[in-house]
Structure formats: structure tokens, C-alpha cells
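Input: a single structure, listed below in C-alpha cells.
Naming follows writing order (A, B, C, D and E), and every chain is counted from residue 1.
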Amino acid sequence: MPPPILDVRNLHKNFGAVTAASNINVSFTAGETVGIIGANGAGKTTFVNMITGYLKPTRGAILYRSREITGLPPRSIARLGICRSFQVSQVFVSLSVLENLLTAVAIASSPGLGMLRPLRRPELIERAERIMERYRIAAFRDQLASELSQGARKLLDIAMAVAGGPKILLLDEPTSGISTEEKQPLMDVVMEALKQDELTILFVEHDMEIVERYVDRVLAFYQGEVICDAPPAEALRDPKVQEFVIGGEYQAGGGHA
Amino acid sequence: METALTILLDGLVFSSYLFIVSLGLTIIFGVMKILNVTHGSFYAWGAYTAAFLIGLAANAGWPDWAGFAIIFFAAILVGLVLGLILERGILQFMYHRDEVLIVLATFGSFLVLEDTILLVFGVDPYFAFQPMQLLGSVELGGIARDTYGLTLIGLAAVLAVTSWLVLRRTHWGKLLSAVIFDRELAMAMGLNVSRVYIVTFVIGAMLGALGGAYIAPTVSVAPGFGVDVIVLSFAVVVIGGMGSVPGAMIGALAVGIVRALAVHKFPQFELFVIYAVMATVLVFRPEGLFAPVKARKI
Amino acid sequence: MNLVRDRTVQGLTLALGVMLIVSALVPSWIVNQLLFAFSRAIVVLGLLVLWRTRLVSFGHALYFGLGAYTVAMTSRYTGVNDAFALLGAAALLSTVVGFFVGFIIRRYRDIFFAMLNLAFSMILYGILVKTEALGSTDGFTIEQPTFAGIAFEDPSEGKLALLCLLMVVGWAVAVGVQAYLRSTLGRLTTAIGDNEIRVEYLGYSAEHAIHIKYVLSTFLAGLGGGFMALALGQVDPDSMVNWTASGELVFVTILSGPGSVAAPFIGSFVFEILRTYAFEWMPHAWQMIVGGTLLIVIFFMPGGLWGLVSGVAQRLTRRRPAAAAPGAGG
Amino acid sequence: MLELQGLDVDIGVVPVLRGIELGVPDRSMCGLIGRNGAGKTTLLRSVMGALRARGGKISFDAHDLTAEPGHRRAHVGIGYMPEDRRLVPDLTAEDNILVPVWATGVAGYQKRLSWIYELIPEVAAFRARPATELSGGQQKMVALARALIVGTKLLLLDEPTEGIAPVLARRFVEILRDLKSEGESVLVAESNDKHLHGLLDRSYVIERGSVKLGAA
Amino acid sequence: QDKPVKMSVVSFLSGPAAGPFGVPARNGAEVVILAINAGKLPAPHNTKGLAGRPIEVEYIDESGGNTKQVAEYRNMVEKRGVDVALGYVSSGTCEALTPVAEELKKLTVYAVCGTPRIFEESKPQYVFRTMSHATSDNVAAAYYVREYFPKIKGYTGINQNYAWGQDSWRDFDAAMKQLTKAKASTKLQWPKLFQGQYSTEISALLLDKADLIHSSFYDGDLESFIFQGQTRGLFKKKQVVFTVGETSVYRLNKRMPEGVVLGARGPYGVIVLNRPSALNKWFIAAYKDRFGSYPPGPAYQYAQAVLATKIAYDAAAKKAGAFPSQDQVIAQLKGAEFESFSTHVKMALGDGHQAITENGYGITKWDAKAGEVKLEKVKFYPAECVNPPAGVKSVDWINGGMKGAKCG
């Protein structure tokens, strides 16, 4: 078995009396696609936040390629290749969609003094445009991000996370707010990128169809604990998962049935 | 021991003064997110109006205590008139603009109002000493103190308690939080936001004017009266955490007492005290002592 | 990086050429106004850089004054009296101070950024006012400088030489700032103003970027202050370090508009002229005119003077009055 | 109950809604279904008075709301749940729910509040916690409760099930069903009708700023 | 038709110093200028205009700081072509303008200013000052204290925290050290300019063991300090010396505390109210006629500057036999000696560019019958007693034991 790319050991997080993470021990191998599910308030975002350096765990350690990254600031973690999208989209509202992506691409490709090179370089623009195509936001190329609808903003948010060429990608509810027609195409795109680049993807998801279809492995959270860590077929039939996350039996094909 | 008492009293008097002049500023900032430079004009106009009316009353043979009534009347009058003119005439068109532009708009209004004073009241100073004279002095800690100055402490306390009660103990305060956080949402929840803004701004203006009007009897009211108060009250408000009433109180106390200590013990450092306290607080607590809660972003 | 083809740079270069000729022809009071205006414009350029990140400093008179005082003190106490050396010292000192203060300042945003700058500037103000060796409230006068060893007998020739130097330096810093604003780091400016969390997660430190920006602005403020000191032949804390001086700088920034690196030069000149005439027409109510103008600019000219100019130009050439302000100049 | 006639709305200079014709009859549940950027949020915000109509008419219960100031909506019994929750961070969950009560000054809200807590017991559990601390989904529940407290006649819900775990989404649907049986009118904007299937009396499809009546 | 002489009169027309200082100063100048243009000054100055040409005057605001004044001065001279720049209250502004005046070669007559440095540190050709500098105020104050309050054991000061206050204290302290055995307090109060609130300072002064307080307050701050101190009995408990207190006398009237030592920065205002010279009587009457009050010190000081200018122009015209050039006027003003409205003025220092005059102090006393504040124990010290001799720097002069003082 290959060594884990990301290793989470004994992670705890308390907010006052609330325990948002309790004794989490998981590790991920390169190229894995992991779906994180759980009830609202179960601690999914907190888990993502700790890995990406936004929150400092109360206890425990996070190792990336055997190197401890616990407590590093987000930018260092991002530079290591751990990128993320957000539950509430974080985009540059007064820049156009193109400029949003250009910024993301440029930062990733210009370390140090490279930051002094012009932003609007043809090679960067080309890359940004490719990403826009892929994430179906090319139509909004010159629109300001503040003018985008919630869903389009979400797409942009994800595109920016991917733009940096990550090794590990964490997506917090990537498909929420995206209309059904767009959900699967979007995930297809993301997954395709993954397969090419040997990316590890962790994504928080409430839509079990998406989970079932795209992930290799499911982590289910409940009250800060991992209650299930198994392949999707198994996890979605787990009684605890059914009780606390799905709220009943899981029926393939979703609520339509 | 006596010196300690004197320092404490001096500190309290000066703190009260600071608190009274900063309260309106912090309330307006707290609710409307406007750093209101015209606060200095309200202050000056309050002082001028009070001094002018007290002078008139004295000439008309009114009793000296009428001065107290006039002070409050002047504050209400100035707050109402200037507050409405400014809010309706200028600020209401600016709420969607950048915070900093609003500051500058109030700065522009301040410059205009400052010269209007010159045109209306002339350059000669006004004196309205009657109320201070009436109250005389008392001996405390071995030295005479003017009673009027001590009433400042009372006024500050009353204002502090009242505003705290209104903001913390009534639903008003919580509704204000809603407006502060998000205008559109507050409106959707049924709140008449423009009325809230008008009322807040007028109350803030009245408090500013009251500061000036209440100080007027102790000073020579001359042009430029409102200029220094701006920086002073900004400093207090920043130390306390902008928009926080208890913050303004603690900020005023900190500055007032440290300053009294400096004046008595190391007068050569007096000038730095306010900014030193401000810089120190900000270095350790970037948003002031009582920072407002931020929304969770991620 | 192709600055030569940048329209703004071309325009600036053309303007420099024209101005170099014009300045030799105008009466000497205009030369003075130009000196004051362009000295201030360099400072305003720095504020513009900050404003692009929605940071406004109510305390840049700190660096402006520091630059001016460096010039005054150096010439008074060291005997060095060459414009190049003096200006170099001014820019250097304020940059160094800006660098250290920057470690604290860079953590602040919005109104707090503005106010903390104010606090620092008021500390310098307090020190100057209190210290007799620094001239106290009276400040200092400064002698006519030499220019790389060349001394001008006639003071008005000296002024003209200073203006030429100022315009060349002004051109250079404007081009430099333009290059910076086009760079990734400079473009990060608006992004940081919008959303720092995202900048962090893209792998860059917003504080770091702000620090660089801040130091750049302090460099410009010190340089502008140095020029101002030489132009005036005088420094004093009230008109150079007090909060009102900072307010004036911000005022000119707003008046100019953030649209272009050329804007500060136009805005500052208009400001100088405005103030001169306001003072002449209404000697005791000139503030009213200045204040009124500020209100008019804020209300009716959101992009400042530059917005006005480019707005007209755009209406003539393009169909949509596009999102003018922050993105322009590229 | 709610009637939109020929509604045109611009944001800035961009026309976003065009000639909207839409009606929510008494005691009915209507869906407004459309893809990202179709204009759902814009439509609801227009009804709430946050955006001014350039043309057309909004009437509610025989009131003409088109020209009424925005804050009147809550007074006449319209509750609104924005898509991005927007809880006041320094208030507790319960205070957030009560904001519209204080703003409109309606009396006797206690009964309705305990009814809401019965309806969504999750909220009762964290009612005393500051809104900042709640997770995204938890905030969503509070926002629904807040809409319910004054929305006695009509509810406007913007993507209520977005970001909600399936277990809770099911509860939401149940809640909506309960509301319907209580006689409330509801207009729900969703990007799909997966969860709402079978609940809707009417469903409108919105596309690029125009609506048409879809299959119920 | 003769071209008029363009004169700008600069003083504080806005800001806190306007009411107590700037506006009376401007008014004093105006009274004299109107009289000059009408040829109505008492003899021997009853010729029309400056060397026969009328004065065209513009009044300029001095507020806004030195830098702004420098810019404005240039506009005045280069843009508007002013012939004489006259006025200026602030020392800093005078210091700032001197090199500019030299550069532009423009006759500039400072009416007030405090600092002695202008003519001690350089030798300007185009700049004059027609009243004595601040050193004489404080030296005279120290003499006065020695004479009338010999029992003083200690003294302290409350002065505005800027150059004016600092210089005033430094000179007074140095002179006291030379003239008395009294000890200076270690706790001096340096409140900020325009602070307005002095309750803490007053407490500290009351607690200080020193029995005499020196203060160079002069504007709104002076009056605020008086109100607050009076209520707390400060002026009864301590002997206070206000070196520029005269500016407030007419306005405060009954509110002026009794028993306070007042100066007027020289023989001006209330201190010379009773001097019987024709010029003084004319000036008081003309001022009162136009502005309804007695002329305070600043009015005298500006009037004196205008008069000096006229005298120089007229003398130069006489000598040249035609309308004089600027250089000819300057030659006449240099080292001139003349009777001004209230005193004898001698342009004795700074190579004939800096005036010296006598300096006087008195003690306030409310005259209930007249309804006016009167000064008691008025004492004048001759010009050569309180001013350094030519060529010696004031500070060195005081610290060196005031050598060469002729106190008669």
C-alpha cells in the first residue's frame, strides 16, 4: 500500500462547549476521491477548515506527505498544493470572471519576483480561458463577479480552486446551488481533471446521488465524529448513516422514486 | 492620597468630557457605519447656539438657572436642524457608497458648516459663563473644584446608562444590529430602515451638540472650536472599538485617567498620551477594546 | 513586459515633453503652483495605490512630513545641499519608516487602517511640535539646493530647474506605478480589497501584498514631501504633518479619481488653483468653497476629475459606460 | 393572493426580469424553478421591495405593493427567506427569529414561536447560540423560522433545501407540507423540483428572466 | 493718474485667533489706512496716501499654516503684484516668509510675530518688523515680578505647547534666573493649543508649590483658562502673569480676574489707554468711532506697521523728489526712529530692520464706577533695558546676565 498523501491523526476541535471534531483519524491515498457527508452542523466544514489552515485544531496533527502542516497559515498550505472551494463562494466581486481566474492562475505560476510580471500575459489569459470553458462560465467572461447569480459564482469559486493546479482538492458543497442539469456535467469535469492529474479530491456533499456516482470512499460525520468510513455502496446502507444523514433508506435515483 | 483623589477626579472630569463628545460619534458609526466628521460641527454649533442664547437670556434678565434649560434646548434644536439637513440632504444619497467616501462627504460638509459659523456668528468669541458661575465651587481633596465640571460626570453617567439600557435592554438595540448587518434584510424583516437612519443620525447629532452646549459655559466659544474635538473623539472611539458604547466609555476613562496622571506627574508627556494609548490598544487589539462581532465567512 | 505600448505611458511621456516646454514659458507664479501641485501629486499617487485596495490613509502626512523634514534637517545639519542627495534621503527615510510601521499597519483594514495611520502621524506631529531642535511649530526654512553640484544664481532659475527635475521624477514614478499596477502583484490590489480569504487560499499573503503596497506609498509620500519642502523652502508641522494635511491629501486623491496614474497630476494642479482662487475671492470663507467642491466631486463625479475626462472620451468612442474606475489603465 | 403582472426589473442598467406574469393563489404552494442565473432571486427580491420595478404591478391580497415601501411586506404577512441566510451575527438564533416581530410590532407571537419550535425542533436546540457559530445548514433553519414568524399569509423561500443534508431536506419538505395544510401560501424558488415533487400546486419555470407556467 | 500702492494686510481672519487678535489687528490697520487715504492722520502725517499715492488694500487670512502662507505670499507678490506685504501674527509664518521675501525682493513689514530669530540668524534686506520681539515681553515681566512681587519663592508656567509658548517660557525662565532667587517648578504645564479644557492643569497648578504662574496664552485658550481658573479660585491663590493678557481685557471686562499681571507685548492697548499724545488720542477716538470699542494691543501693533510704512514712503519721496522706488523706501525704513501712536519706536536691531520699544506691565483692578477694568501699578521699562543690544542674540544676552541693559 502506498504511503498516505494526507494523514489526519487524532484531530479535535472545540468551540466553547461545542465539539466540532472529535478524535478523527483518517488518511487518504493519492488519487482517491472521497465524499464527506453528514448532517448539518456535523463538522464537515470544520474538518476542511482545519486541513486548509483556516482553523487550528484543539488537538491532533495533520500530515501532508509525512510532513506536519498543522497550524501553517492557509497560504503556505495552498502553496503546498492543497486547494479548496468554499461553501459560501469566495470570489473577487469587483473583478470580472476572467480577472478572477487570471489572478488565481498568476499567483500559482509566479512565485517571488514573478509577481512583478504583468498580469495580462497571453499565456495566462489562454489558461484562464480554458478553465472558463471547462467550468461553463465562459459566457460571463467579462461580467463582474458581483453580477453573477449564486450558482455561477459557485462555479467560479471551484474553478479558482482548480486553477492553481492542486495536488489535493477540497470542495465544500460544490454542487449546492447548482441546478440539477448542471450538477453532473460539473462533477464530470472535475473528476476528469482528477483522473488526469492523479489528484486527490475530498468533497463535502449533500446529494447522495452525486456521492454514489463519483466517490471511491465515503466519510460520514455526525456530531464531530466519523461514524462511517467505507465505499459508497456500503456507507449508504450503513444504519447510522441512514438514520443521521439520509433520514431513511437510501433509494438510488433520489427523491424521485 | 489627596493627590490621588485629585488625579482621579481630574481624570473622571476629563473622561466625562471625552465620553460626552464621543458618544454621538460612536452611535452613528455603530448603526450607520459612518465616521461622521461633521460631529465637530454639531459640537461647535451646539456650543455657539447655547452660548448665544444664554447671552440673550442674560441680557433679557432671565435667571441664571435658565441657562441649563437653554443648554438642552440648544442641543435638541441644533441636532434636529443640522441632523435632518445633513441626513436628508446629503447622507441618504450615499448609503450605498464606499465608507471612505462617506467620511469625505462629511468632511466636506464639515468645512462648509465651519465657515457658516463664521458667517452666522462672526469671529468674536462668545461667553456663557452664567451656569458655571451659578454653581460655584466645592472643596475636594484640598483644592477647589468647579461644581459645574463635576456635573459633567453626572451627565456622562446618565448618558452612558441610558444609551446602554436602550441598546442592550430593549429590542431597539437588537433591531439596530439587524440594520447594521444588512439593510436589505432589515427592510425585508419589516423595519423602516430610512426612519432608523434618520432617528439615529439626529440623536447622534443631538449628542454632539449637547457636548458642545454643555461645555460652552466653561470656555470661550470661538471659531475653530469643533476642529480638535474631531480627532479627540475619534481617538476615544477607536480605542473603545468603533460603534461600541461601553467601548467609548472605557476608552474615555482610559484616556482621561492616564492623561490626568501625566499632567500631574509627567506633564511633558501629556501631548502623547492619547495617541500612545490609542496606538498601544490598537497594536494589541486591532479593532479596539470592544470589537464588533464579525459574520462567519467560511 | 511591454510598457512602451501602454497608452498611459505614451500619454505621460507626451505630457512630460509638452510640460517641459510649457513650464519655461509660464509666469513664475504658475511655476510655483506646478511645483506644489506635482510634489503633492507624487504623494497622491501613493494614496491611489492604496485606494485601489480600498485602503485610505488618514495619516500619510506622516511620510509626507518625514520626507519634507528629512530634506530640511539634512540641509541644515549636515551641510549637504544637493537636491538629488536630499530627495534621496527623504525617500529613503520615509521608506524605511514605512517598512517598519508597515508590519503593524498591514494587519488593519477599512477605517481602522485609516485611523491607525492617523494615530502614527499624530505621534510624529506631537514630537515635532514639542522638540525645539526640530523647529517646533515654526519649522524650518531651507536654502536653495544645488542640482548635482550646479547652483543657480537666480532663484527663479533654480525653481525652474527644480520643476524640471520634479517633472522627470514624476514621470518616472508614474510609469513605475503603472508597471506595478499592471503586474500581478499590483492587480492583486483590487482582489485583496474584495476578498482576502480567497487571496490567502490562492497561496499569497494579503498582508504581504499590502505591506509592499504600503511601503511603495510611503516611498512616494516621502519623495513628494521632499520635493514639497524644496519647492516651498519651508517645512512646518501644521501644514505638513497634522491630520488636516493628511485630509488634504485624501481630498486630492478623491478629486483626482483612481482611474489613472496621470490623474493625481491633474487633480493636484486643479486643487492648487482652486485653493488659490478660493482664498483670493473669499479670504475668510475659502474652506466653504473647498468643502463644497469636495461634496460636488463626491456626488457628481464618482471617478473624480479623471472619471470626468475619461467618461467623456469613452462616451465618444464606446457604447457602454463600462465599469470605469478600478479596472482602467491596463 | 400574490399577483405579478407584467413585471420588469433592471439591476443597474441590465434588464433582468421581463414581463413576469405570475400568480400564487390562496392556500397554494407554487414553485419557481429555473437554472442558475435565471432570475429567481431577483424575482423574490423584487416582490420584497428590495428592487424597484421598472414596469408592471405587484399586488397582494388586493393591496398594490408596487409603490409601497419595502418594509411594509412583513407587516402584511409576507415572510422571506433569502438564499444566503443572512442572520445577524451578533444576535442569538432566537433573537434572529424575533427580529421581524420587533420590527413589525405584532402581538402574541409566543404561540407562533412555540409552533415553529415544534415544527423545527432542531432550531429549539440551538436557539440560544449566537448566529455566527452556526453551521451553514443550521443557519438555513433559523432563516426559515424567521420567515415563518411573520409570514402568516405568504412565504417566499429562496432555495430552502440548498446545502441541506438529506435528512433535514426531508424534514423541510414535511414542514412545507404541514404549512400547506395550515392554509399558508408559499412560493418556493428552487433550481430543481427534486425535493418538491408532488407538493406543488403550480410550478412556474423561469428562464432568462421570463416565466411560463410549467406542469404541476 | 497715479497708480495706487498695493498693500496686503495679513492677519487671522478665521480660526480661534481671529476674534481676540486677528480681527482687531486688521481693524487697526484699516483705521489708519482709511485716514491715510483721506489725509486725515494727525500732523505731521496728514498728507494723503503713501508718497501721495492712495493705498489699495487687500485683507488676507493668515490661518492654514506656514506652508499655505508661503504659497499665498508668492501668489500675492507674483500673481497679484502687491507692493507691500504687511502684517503676520505668527512667528512661524514670519520665519517661513523671510527667505521668500528675500527671494522675491519684496518689501515686507511684519507687524507682530514673536520670535527674535528672524533678524538674529540672518540679515534680510527686504523684511522689517516694527515692534519688539518676544524676548522683551518676558524680560520685562521678570523685572516687573522682581519689583512688585519680591517675595515670590517659586514660579511655574502654563504655556501652549508650540513655539510661541516654548520661547516665551524659555525667556521668562532665563530672565527670572538672572533677576531673582525664585525657583522654577519642575512640573510645567504644556497643554495642547486650543485644548479648551484645563481642569486637570488647574488642579496641578493649584497643587504646585510655586506661588507665581507665567502664561503666554493669548487667544480663546486664555479666556477659557480664565473662566475655569476663576471658578476654582486660581487667581486668588496664585499670582498669575499673562504676558499677552491684554487682548482679553476689553472683551472679558468684569470677568477679568483682579490682581493679575497683564502685558500687551509692549506699550499698547489698555496699558497706554491714558497716554495723552495727540496720535494716541486720535487713534483711540478713530478706532472707537469705527468699531465701538477701545483699540486693543493688536490694533495698535498693526496701526504702527502701517504708520511706519507711510513714514518711510513719505521720507523717501521727499528725498528722491519723486515717487520713490522700493529700494529708496527701504533705505528710509532702515534704522528709522519715529513716534508711533503710543510709543517711541526705534529700528535698532538687525541692521536697522527690527524695532525696539519700551515694554510695560500693570495689575488688573475692577473699577466699578467706570464699569471698566483699570490697570494699577503700571510700569514701563525702557527699550534698552528689556531688549538686547544690536548684534547679540537674545538668549545669549539673557543667559549672559543681560549685559548692556540700560534700565535708568
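Just so we're on the same page, a residue touches a chain if its C-beta (ideal position, glycine included) is under 8 Å from a C-beta of that chain, and two chains touch if they have at least 3 such contacts.
All figures in this text were calculated on a predicted structure; none of them were measured in a lab.
With contact taken as defined at the outset, chain D and chain E are each touched by B.
Per-pair counts of C-beta contacts peak for the chains B-E. Ranked by distance of CA centroids from chain D, the top chain is E.
The distance from the centre of chain B to the centre of chain E, each centre being the mean of the chain's C-alpha atoms, comes to 37 Å. Remark: chain C and chain E have CA centroids separated by 38 Å (rounded to whole angstrom). The distance from the centre of chain A to the centre of chain D, with each centre set as the mean of the Cα atoms, comes to 29 Å. Computed from the mean C-alpha positions, the centre of chain B lies at a distance of 33 Å from the centre of chain C. Residue positions of chain D touching 2 or more other chains, listed in rising order: 133-134.
In chain C, the residues that touch at least two other chains are 129-130, 197, 284-287.
In chain B, the positions touching at least two other chains are 115, 118, 123, 268, 271, 297-298. Of all residues in chain C, only 27-29, 32, 36, 129-130, 132, 135-139, 141, 143, 155, 228, 232-236, 238-240, 242, 245, 272, 276, 279-280, 283-287 touch chain E in the complex they form.
Touching chain C in their complex are the following residues of chain A: 52, 54, 73-75, 78-79, 83-84, 86, 90-96, 99-100, 102-104, 106-108, 110, 114-120, 144, 160-161, 164. Here chain C touches chain A in the complex through residues 1-2, 180, 182-188, 190-191, 193-195, 197-205, 323, 326-327, 330, going by the rule given at the top.
Listing the residues of chain A that touch chain D in their complex gives 15, 18, 37-42, 45, 87-88, 147-152, 154-155, 173, 176-182, 206-208, 244-248, 254-256.
Within the complex formed with chain E, the residues of chain B that make contact are 3, 6, 9-11, 13-14, 17, 115, 118, 122-125, 127, 129, 132-133, 136-137, 142-146, 148-149, 215, 217-225, 227-228, 259-260, 263-265, 267-268, 270-271.
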